[in-house]
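What follows is a pair of complexes built around subunit A, which joins subunit B in one and subunit C in the other.
Presenting the complex of A and B:
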């Protein structure tokens, strides 16, 4: 360059226009900082498990790491494994471990660690584990504890080999379940944060894991405190005692289903016709959208991004009216805003039920002794077949569901597979046991200085790229 | 991270060719701060140029030679009317660590046609010289030699935070440090630190480039969702003399002063994992009544 120029802003603006698609941010992402989080509940133990409730889901992703994850499109992405490939016509899958992957205790992640962890997973209650077991060589007998042999799972050098009975659709998706996380022989996890101290049943401290497989997280520390009431969560945020609350508020696009689960094993909802009547009426109600920020009409049982919306209502054949003033108990997860449960009770009253609400924690909502349960549900594995298997476990013995799901698992053709899944979803809805009331976003709120918080495909909050601006 | 060695790292010895030069350019105290009239924002010299790497740091090695550092390598470019032509690339010492937001430092000497390079992904600093238009590795060291830092600079493991005792600035950590003239740095909170300066400090982003004595170019401390900017500040002032909108997050700035003009190379994130290079020419702000910066 010769000489100098004094120029106005026109050139700079032209350059700005030329690069208009660029992301905007300056001082960040930034390392350091302590994040205080309030959640409705903390799990009693940090072992890998299917998370129930947003607090458990948050901690599962903080502490543990899986062999692979599902991205926002539902495609598998590397985590503790570097890559994978299929062989034997799709009956065998070889997963090669990331060489630098480490556990919190400093030990390298080995194929034997993966094998041991997957054996534990295969005997867990997770429907994703049941699907994997059903399709692996020797998996069903191993899951049923009829044998310790498991020919379909082999550790070899730095590789884990899965051998299936026959080629299956989405063979690796079950490995993305939080309950399939890998532990060291000593029980240490490999997630982005190391649990350092459980100060009490209501407080857990974690520090950044410097050797995490995707790099040290940006925050230095995360402290999670349990605040059992949603309204108190918001007070914690407003008074700046915490920068993030999980279990109240609305975060992002709807990724969960506000779900009403009738108990079909006890009166009055053992009556299929009565369930159908209630389900049909409630599914047509505008229950949550007006009182729940970010909520939308449900696309079906599954969140809209997992399953295309269907305009068809499940058939409510043989419907009949309720017995006048039938008393029922309704267990309500603390993640459901009170206005929503109050409106539901009013609707149920119109249908002839005298409902009494019982508050419950998110982790116990599905097990509560009640005639019906109201909760926000998102799948452990955000993949349609595995999600429907999870729902099928809540509505057992619905005719046609198991067969349709089994056919979908074996079906390589995408279109026919969708058809089978559609049959399963329709049958589940027609049972009247599961009633989708609304599509709802993740329940969370943050202060403006917290950045980089994302959600995974299941609507779970991910903090490994979160950072605090000064 | 390995502990600081008890003796001076090897880098301090092998850096003999560069450090004295850098030290000679330093002044002992910040320049007195004269009032400056706010200059105009310079127009970019040509269109943005896509770089074949994600620049963490830039440095001039001559009027038409520019070094760009990413997490794993250094690239040498020839600057011309047509943009930037890649001349040579050199890998950094491995094994490379996985770092979410890596940081990098370049300490270049035009006279020696050489530069020390270090990133938080690489375990060692490397001295690269230009020979026949190609980058050639000359030496490695445990820490990056830096004027006023007898034990050199290192990155805090797994981060982009720079650590090392720098005369007048303390031990850090820093987001950036520049060693020509008065040592300047950026604190993790986004404050401009100048050796010997006290009181309030200007808010800046994570990258600096020294201009004329007492003047520095920096990125802005904008939060996400706000536009970044290229700032020109006095080393001890609290408000920028000049704030020009940038078309993306500014990740690296290099400046080469020649008389009353300074050539600026600015790398901005392109939103797809790469960087775009913009060149500017800045005129020394003229002494006069200070006017508010552009919004």
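Presenting the complex of A and C:
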């Protein structure tokens, strides 16, 4: 009897402690705390660029700030600008800067800083920059470095003026690209965290930026450690050395596409029929249901939330014929779970290919010398047209794509614009160069004491409002 | 060689004998051992290679049998109880982990993979893995490796049965891969690998030298050697199935190292044995030679007149008995010498008494006659028989002169005896003998009437270690004797020469020479052939020379007598 009483007392005590802890967490966001994050790789430099890997994307959002960002619905939201308005029938857009915005070095964010940063952005390899340059006055010549003049970009007082050749759809969306981040003359960013210490290529420490345009982040510090293997990332999390891993696991709803990219410039995948055979032999449902936790069959090349499901794609279950036993190399981004690439190899092997996998870092997956590449792709700017432009850059010279995208850019009518974009997407898929295998969530996992982590529309982790419970 | 051997001492000969007896067998033994061990090493390598192949073959057979048993258990025990059987990624994995199987797959009746542990990505697809011809126990299975797969050799066994209402085939086993080869290689201490001749590849531990053997011509009946990476390997091979070979290789360096170790050990043992034999020989020969050498030393001392020489003997063997006899002999010699000396002393005293009596009696008789003559004249005068005055005076003068002359002879005799008795102890010093000879000749040249004096003095004569005054006296006696021996004239030759270990002085005269008796008694005191001689001159010469550690030799023939003094040289 006394034993039962003691057990009851102990249970009540434990329950009280658990409730206390839950209550503290339930009290809501709190300032303070050092967050340790493990990622597959760290960028060599913190310059704004189109991030390819989840780690790079995370750091881009931590360190840098853009003029605008896109909300979960794809609508522009203020970042370093306070507001904006159109003029000249939609050919001119004026962006007024937030007067209290500051860089990490303490300097105020000026229109000249924005102009200088956008000029750099326009000459970057970003597809979003290409789209902006194509539509701005003098943008194409400036991007091609034929002139230093850029009439379409003017800094005036606290305003930045964009002048387009003609009215375009979603004119400001390219400004939400990470590579369009604004830097001071000294190279400082304006993101929520200030990079304070870097130890070789493996460890980067960041401190909360108190003068951030949206206010100081909740965390005091974030330390990002590079762990090059996905399986070791999970070990880091399980052993509680870090509270968040980026590059392994599944986080949130599918926001990226598991993409197989054939190299059409050399055998055997220069043969469109062979690409189609290989693409059709892959069972998307197997991947989504059994191999990739949290994944879904792809709606198309774009993640479902960016683009309505395409009726054109249906899972093909039958191989169109035997293929010669050809040795091929498959470059696999390290963010792709090994079982996925192995499943793909099993399919290819079943078709008669003798495929070997070569792991690459996310930022090099598209450049690796291989017959095909397997990667997790999410658009730099989560807007359908810009995303398709990005994909079109991976499959150049596909007939009809450029024209359809150009038409979509000029088309103000939403319905017709979607139609153009649908044509472009269909043409891209029909080329057989880009094969969507699954819609996958962000590759990340966190401990239970980490709260407030969100993802943007491109599936990138945002730690701006993250906080740690005790 | 014989000369060299004869020049060796007893100990040297004993050592040489030991060496001749000990070295050849040791060398022969060393070389024979090395050759035998090298052969044994080769044989041992072959046996070791065959044993390794046999062990590996047995291990493969054991794994094959165990694979069959495991497949049966999976079919009968595990699959019916499998949780979550719908998930192809779980079933085989869980069972394989439980049973520690590296290869496990479940196939349906059409040969499609229902679940696979080693290649989970292959579910739902036909199993396309290859087998070795005629033997499905050895398969080339696709297995997980990083982000893709790799073909790996596996030893498996398959069992058919039913699961969830359908016919299935369960294949279980383990990889025969680099880890397997590394494990067996480490266990057996050599290189063990499998050669897949069909695909032209090695299944060997990472970094194994056999991987560099490009196109091996393997023959189970003919093991051989192959040079890989600059090193020679002995190898042996055995086919597991057609196209798949077990290969064992032993680096020559290991064998060479063992052989070299054995050779070094043999040489070291031989050297140690040789050293021990030599040390033993040195000790033994010393033990044998030392008493002999002591005996020889003792004999030399006895020969030199030291009858007190004795040999210390600590052994009871023949050498010890010889030494005891030697000591007894020297003791007898000492007794004999004492008795001889006593007899000689008695004889000398008798001789001296006789000579003294004889020498004293000779002058006494004339004195007695002279005195009796004077008394008779005095008695005649007392009786009145007058003797004329002049006659008396003449008698008196004649008798008194005779008495005085004989008394002078007595005095001379007494002086010589006194001088002989007072012979001083020599005080040797480095002395130029040539100068001493010239000085002596100069003193006696005045007495050399009718005698031709010649000197032949050696140039560069080393100084002699002698008492200059005593040697001058001895030389003077010899020169005087020589001159007295030639009253009618002749030739006196004095020569000096180097006579190791000293110098020699020869005094030669052309007198009548000495007969046998005279030569025998020449140095006897008081023996003389001359009227008025005391017989002490040559005795004094011998005494002086003997006291200096030298010798006197005499050679005589009619018309020529030579005395030779052998004197010690001064120590530089």
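Following the convention adopted for this analysis, the second predicted complex is superposed on the first by the 429 of 470 C-alpha atoms of A that agree within 3 Å, B and C clash if a C-alpha of one lies under 4 Å from a C-alpha of the other, contacts with A are read in each partner's own complex, and residues count from 1 in each chain.
Methods note: a residue touches a chain if its C-beta (ideal position, glycine included) is under 8 Å from a C-beta of that chain, and two chains touch if they have at least 3 such contacts.
A quick note: this is a predicted structure, and the numbers were derived from the prediction, not measured.
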Contacts for A:469 in the overlay, against subunit B (first) and subunit C (second): which applies, first, second, both or neither? first
Touched subunit A residues, subunit B compared with subunit C: B
Quick check for you: in the superposed arrangement, does A:217 touch first (subunit B), second (subunit C), both or neither? first
Just subunit B (first), just subunit C (second), both, or neither: which does A:356 touch? second
Touching A:31, do we find subunit B (first), subunit C (second), both, or neither? first
With both complexes overlaid on chain A, does A:345 touch subunit B (first), subunit C (second), both or neither? second
Can you list the subunit A residues touching subunit B in their complex? 1, 3-16, 18-32, 100, 208, 210-218, 448-449, 451, 464-465, 469-470
Interfacial residue positions of subunit C with respect to subunit A in the complex: 87-89, 119-126, 128, 142, 144, 146-149
Okay, in this complex, where on subunit B does subunit A touch? 39-45, 47-48, 63, 95, 97-101, 156-161, 188-190, 205-206, 219-229, 244-250, 260-261, 263, 268-271, 276, 278-279, 281, 283, 294
In the complex with subunit C, residue positions of subunit A that touch it: 283, 286, 290-291, 330, 332, 336, 338-339, 341-347, 349-350, 355-359
